[in-house]
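Labels A, B, C, D, E and F are assigned to the chains in the order they are written; within every chain, residues are numbered from 1.
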Amino acid sequence: MSEERPALSHIDPSGAANMVDVGDKAVTDRIAVAEGRVVMEEATLALIESGNAKKGDVIGTARLAGIMAAKRTHELIPLCHALLLSKVAVEIEPDAGLPGLKVRATVRTTGQTGVEMEALTAVSVACLTIYDMAKAVDRGMRIEAIRLVEKDGGRSGHWQAA
Amino acid sequence: MSEERPALSHIDPSGAANMVDVGDKAVTDRIAVAEGRVVMEEATLALIESGNAKKGDVIGTARLAGIMAAKRTHELIPLCHALLLSKVAVEIEPDAGLPGLKVRATVRTTGQTGVEMEALTAVSVACLTIYDMAKAVDRGMRIEAIRLVEKDGGRSGHWQAA
Amino acid sequence: MSEERPALSHIDPSGAANMVDVGDKAVTDRIAVAEGRVVMEEATLALIESGNAKKGDVIGTARLAGIMAAKRTHELIPLCHALLLSKVAVEIEPDAGLPGLKVRATVRTTGQTGVEMEALTAVSVACLTIYDMAKAVDRGMRIEAIRLVEKDGGRSGHWQAA
Amino acid sequence: MSEERPALSHIDPSGAANMVDVGDKAVTDRIAVAEGRVVMEEATLALIESGNAKKGDVIGTARLAGIMAAKRTHELIPLCHALLLSKVAVEIEPDAGLPGLKVRATVRTTGQTGVEMEALTAVSVACLTIYDMAKAVDRGMRIEAIRLVEKDGGRSGHWQAA
Amino acid sequence: MSEERPALSHIDPSGAANMVDVGDKAVTDRIAVAEGRVVMEEATLALIESGNAKKGDVIGTARLAGIMAAKRTHELIPLCHALLLSKVAVEIEPDAGLPGLKVRATVRTTGQTGVEMEALTAVSVACLTIYDMAKAVDRGMRIEAIRLVEKDGGRSGHWQAA
Amino acid sequence: MSEERPALSHIDPSGAANMVDVGDKAVTDRIAVAEGRVVMEEATLALIESGNAKKGDVIGTARLAGIMAAKRTHELIPLCHALLLSKVAVEIEPDAGLPGLKVRATVRTTGQTGVEMEALTAVSVACLTIYDMAKAVDRGMRIEAIRLVEKDGGRSGHWQAA
């Protein structure tokens, strides 16, 4: 790769996709926060919220699914390293303005590589679970705006989305 | 649940989340198509495309990740039934207008329940893999517009997104 | 094996453990129900119930863990066949008399072999999850009386625990 | 939470179930020992022991199933952290007094959180495997008295069951 | 693809790797048999055989590992379909002439696609497990001659290795 | 065990298979390199190479399958410890002399036990994936000569195959 442009880190000089060698990176505290949302019909949100007021099940189920998926990120993303996560938290909140649910995941580790993919995977699977549980009443829901909002730790230090 | 409003299918009358019993549903051919996209900087897309022209690795890796994830959907989505998928296809195409990559998954089975979640999971994990492989050059990428575009088979017949 | 005594079905004539060949068994509707309980201190149950009254999380989390584990039974039990489960339901109820929580799982399939192991695995993992979530306050909890209570379908027909 | 009563560690102040953050806990040697038993008819135990005298397969299979399950505890128990286990040992012994088999698992790690759940999961899955391999001759077996018997390491130090 | 030469079934006309669509294939009984061997020093074989005469553990452990791996073939081989296996049997026998162990796996299903990969995966993982358990005394062992020896069922009918 | 002969490390004094306790081993940098090959008909190799020249899919798919399998070695090999791999690289090259493909995997970690099994598993699953993708045109392919070629780190230091 020329010096003028950045390289795709997983593509080696021969062009083959391989895991990046993180063996010489420092072991540091690392954190990542990701967000996403499920946009739905107003009536669908009302149904989830009313169910939730009573029993909490759609939101509670999606939160657990996101947490569990974060722990399996390296099985899903081919070139992602396994990490021991010291914390995974998923928050899901209704937003009448969408209308829909906003999902936010925070993941923490002490290790040689970051946890962005774990946070993004937690958000994605939580959103998919919301879709699954409400699809019988609203097949047209959309998962939107999944993105990294903040990361810290490692060589690149602190980063925050614009 | 009253007759006036639709019910969340995974919430039983006591309000607990459980798998829907599909044991009495007909075994029919079922197909689902889902889409999504990863929006990125123009330079990131150029980098992926140039790598891809030579070796195909970002797009090829994401396609495989999506296919493999579809087979494990029932492990990720708590109340989703396991199914034997007869086909999973993932297509990924650059779109200069985004700029970014568009992902489309088609899943087929013969069974008692639909494959929407498998198609949506394939798209989500393919998008996450693209993010993973390009994040070293563009941390601000966003995964957008993951949605079901078509389904067929089962009691509800053919459905197409507006 | 002699005719005088029953055989262990997974041990072949040479004494080696292998999967039973179910390829010639009939495809029938099959159901199994299993039960178990977690016995704890009275104060622990009160804590779970009060948390549960408000948010449902210990019981809800254990129920989901049991359902998800049922789908992976064949990965855990070495000689168990994979099956497509059409229903998994887990019910968890407080029992002041123990004191503790009673767990009951019902699993249904249409296939060539029964779902006893899936029901027992759902109960076991739900009980383990209850232990996990309450262990910070009560390390001495015990998981008791995990057993099959009913099964139906297949050559042996209906069976009910005494 | 008030100071007067202990808190369920996985329930955050808002009542949502989340993984406990162990990122600030010390990395120490940790060990846990758990036990359980499968109670069966005398004839069933005799059959397992006679098979075992010759080939060892029921007990050997259950021991391996327990060991392998311990390594996957964090996939089964939703809020459990992944850990690198440095040792898993499972011992299974006949007990004519039950009659049945007694199962004991010892798990060791160096990490930020304990291995109680890994030891309890090893015992549970070993017991389930015994049930699976003997169920053709004795459907009424019961899994009993799964409990933690000892733990060491971490802030709470040494603990032994009464 | 031209008519003069056969096509790689997983590569679609655009050159992308995708799962073959088996949805229109007949559901038939299918069987596959695969073999392989681990070649080792004479003393290593003697050690395994002596251990085996007493407790059977190397061979018994490898046999179980092969059986369990067969059930997860579709997770390992990216474009392989999930199947419900009705039988998996693994036989392992010492062969003084190699010297080493010969491994043979037989897999059976009723489905829309063959079980060659399941049989080959069972053999491969059984061989890897033998290597793992004996590597402390013989690092130079080699896994040799893994191949399909027979298959039956499906459109191509019966096939036997030369 | 007597002092005159080496012991199988996974068999404890009672003859039972258990995980070796690595808790007291030093944490060191460890690396392992393994190799293997798939021998096929000349025409099959030509087909793969021509496909590969254009799109890279057989070789690219096998490489990813090997990398992903390395991360799951401890799930497949019963007595293998989980490790956090800092690098997995798989290289696959055509060899007209076989004719066939040569596969080489390099795995690196910092931990208490070696990564030989991870490297051998990566090679095995890459070979199986090549078989899967080419089996429609050449059922007689053989996987040959899977072996460890080099290891470094840990008490035994550097080792290289003869």
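The rule is short, and it goes like this: a contact is a pair of C-beta atoms (placed from the backbone, for glycine too) under 8 Å apart; a residue touches a chain by one contact, two chains touch by 3 or more.
Note that this is a predicted model, so its numbers are computed, not measured.
Undergrad: Please identify each chain that touches chain B as well as chain D.
TA: A, C, E, F
Undergrad: Would you identify the chain whose Cα-based centre sits farthest away from the centre of chain E?
TA: Result for max centroid distance from chain E is chain A.
Undergrad: Using the stated contact rule, I'd like to know whether C-D or D-F comes out ahead in C-beta pair count.
TA: C-D
Undergrad: Among E-F, B-E or C-D, whose interface repeats A-F's (more than half the contact pairs identical)?
TA: Most of the contact pairs in A-F are shared with B-E.
Undergrad: Tell me, please, which chain's centre (mean of its C-alpha atoms) is farthest from the centre of chain D?
TA: B
Undergrad: For chain D and chain E, what's the span in angstrom between their mean Cα positions?
TA: One centre to the other, that is 32 Å.
Undergrad: Residue numbers in chain A touching 2 or more other chains?
TA: 16-17, 55, 57, 60-61, 64, 68, 72, 75, 78-79, 82, 84
Undergrad: What topology does the chain contact graph adopt: line, ring, star, complete, or other?
TA: Contact map by chain: other.
Undergrad: Judged by the touch rule stated earlier, which pairs of chains are there in contact?
TA: Touch list across chains, by label: A-B, A-C, A-D, A-F, B-C, B-E, B-F, C-D, C-E, D-E, D-F, E-F.
Undergrad: In their complex, what parts of chain C are in touch with chain D?
TA: Answer in residue numbers: 5-11, 15-17, 36, 43, 47-48, 51, 54-55, 57-58, 60-61, 64-65, 68-69, 72, 75-80, 116-117, 120-121, 124-125, 127-129, 131-137, 139-148, 151, 159, 161-162.
Undergrad: Under the touch definition given earlier, write down the residues of chain C that touch chain E in their complex.
TA: 12, 16-23, 74-75, 78-79, 81-84, 111-112
Undergrad: Sort out for me which residues of chain E touch chain C in the complex.
TA: Against chain C, chain E makes touches at 29, 60, 63-64, 67-68, 71-72, 82, 84-91, 108-110.
Undergrad: Quick check: in the complex, which residue numbers of chain C touch chain A?
TA: Listed in rising order, the residues are 55-57, 60-61, 64, 68.
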